[in-house]
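Across the two complexes that follow, chain A remains constant while its partner is chain B and subsequently chain C.
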Partner chain A sequence: MSLKITNSVEDKVAVLKIAGEVDMFSSPQARNAIMELVKQRVPRVVVELSGVSYMDSSGVATLIEGLQLCQKYNGTLVVAGLRDNVREVFELTRLDKIFQIYKDVDTAKVNE
Partner chain B sequence: MTKTIILNLTSDPPLLSVMRAAVSKVCEIAGFDQMDTSKIILAIDEACSNIIRHAYKGKGGQSIKITCKIKPTKLEFILEDEGEPADLKKIKSRPLDEIRPGGLGVYIITSVMDKVKFADGMEAGNRLIMQKSIPKDKK
Partner chain C sequence: MFVKRIVGTGLGSQQCVNQIGYEDMPTTECEYQLRIPSETDNLELIRDFVSKVAEKVGFKSDDVGKIELACDEACTNVMKHAYASGQKNGKESLDILIQIDYDKFTLVVTDHGRGFDPDAIKLPDMKEYLAQLKVGGLGIYLMKTLMDEVDYQMQPGVRNQVKMVKYFIDKKNSKLIESEKENK
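Entry: the complex of A and B
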């Protein structure tokens, strides 16, 4: 199943909304969307995941790659709106210590 | 008494979502709660992704057989493929303090499941056996 992805950029903050199941089949689609924002060197990328019902390690790897590329130009990538099972993947892999995780987009935008 | 479900799928990534739905039902029948079910689905998904990625080098249409056995005290999954045998010495999870994309699948599988074992002496393909104890109050 492919993902539903929308993005908007306003005041140097990009909000990338992803919905669906992020796995080895669909994660390249998420990666392309993140890479597009990285190319534009957007200072802050908020990846909104409330519509993501499942994420595997390829999804997590995509986010790590995005974060590292953003950091190269002093930008950042944060995540928001994680469902419990997706948060569990972050905790299991201890990436909750690496990523800034916000409860929703509004909070993620404010906490720059 | 052991209840057995056999899932046969081809090594095509779009089918992973079908596998996850089936494994979710198996976990429900075995008596796991939602959080454990999510973790088990993740572990089996990572194992299948590894088969597609490594044993079959991304080639679709190849066989993946998943045998799910609901036993009185544990849930067992046996994953069999006919791909390139894994080099068991090279299979290891990476340290988590090494922040980089990739290499988390084996860590997830071994963290979630109680027992993970590759069958030795396979003439062709791979057989991975994974077990998870069923919570005592659900037996």
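Entry: the complex of A and C
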């Protein structure tokens, strides 16, 4: 099933809200949305994942690629609102050591 | 689309159905089978099937999630590698067989694609992986981390299978508890 994705950019911070199940079928949609923000060289991208009920390694790979691309122009990509099962995927792959993870968007915005 | 078949009636039954040819298949109490086109938009349906069976046989939600993710990664590998792109052409299918035994849940994913040499695939060194921020290649690592056993049988172009096992009793924790008892 397709993802629901919305984004807003304000004060150099983009909030990308993703909802649905992120797998090999749907992750290209998330990738395209991140790439749009990367093209605009938005300094801080907050990916809000509270609506994501499932994520596999293709979703994780999409976020890693986004982080890499942001870092190339000295930007950053952080994640917020992870559900327990999605957080577990981050922990299993030790990506919790790489990504800045926030409990929600407001916290992610404040901790610039 | 999927089949449930009661194979044995109790513990120790020697009756075994081996429909899609996995060798040395253990005695099986019950099995569920799904044959589905190898298309990425079917991944959600595959996950639903696997997670509902795992729930039904009594796994807690944490383990259901692990089985679901391991199966997704195995099927994604088939769609990406064995059958190239996972694009719709209606010709390629994969089989998912779940066998329930008194002590374990066995998941067998079968395809008839190109296969690969599982020994040639090194598990990522996660330290190096993270240092270089590599993209992709985590599927087999996750499968091996999430399940108790993962085993491949490859016959490229004929039949490739990955068999994954989850025990109903967490063997890793049981061993820990046993060694703690021995130390006391």
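One rule holds in what follows: the second predicted complex is superposed on the first by the 112 of 112 C-alpha atoms of A that agree within 3 Å, B and C clash if a C-alpha of one lies under 4 Å from a C-alpha of the other, contacts with A are read in each partner's own complex, and residues count from 1 in each chain.
Basically, contacts are C-beta pairs under 8 Å (C-beta built on N, C-alpha and C of every residue); 3 or more make two chains touch, one makes a residue touch a chain.
Quick caveat, the model's predicted, so the values are computed rather than measured.
Evaluate whether chain B and chain C can sit on chain A together after superposition, giving fit or clash.
Chain B/chain C on chain A - steric clash.
After lining up the shared chain so the two structures overlap, which partner does A:I64 touch, if you call chain B first and chain C second: first, second, both or neither?
Touch partners of A:I64: chain B and chain C.
Should A:Y73 be classified as contacting the first partner (chain B), the second (chain C), both, or neither?
It touches nothing on chain B or chain C.
Would you tell me the residues on chain A in contact with chain B in one complex that are also in contact with chain C in the other?
1, 21, 23-25, 54, 56-58, 60-61, 64-65, 68, 85, 88-89, 92-94, 98
In the complex of these two chains, what residues of chain C are touching chain A?
Touch list, chain C to chain A: 40-41, 43-44, 47, 65, 68-69, 72-73, 76, 79-80, 86, 126, 130, 133-136, 138-139, 141-142, 145-146.
Can you list the residues on chain B that touch chain A in the complex?
That would be residues 13-14, 16-17, 20, 34-35, 38-39, 41-42, 45-46, 49, 52-53, 96, 99-102, 104-105, 107-108, 111-112 of chain B.
Taking the complex as given, what residues does chain A use to touch chain C?
1, 21, 23-25, 54, 56-58, 60-61, 64-65, 67-68, 85, 88-89, 92-95, 97-98
Where on chain A does chain B make contact in their complex?
1, 21, 23-25, 54, 56-58, 60-62, 64-65, 68, 84-85, 88-89, 92-94, 98
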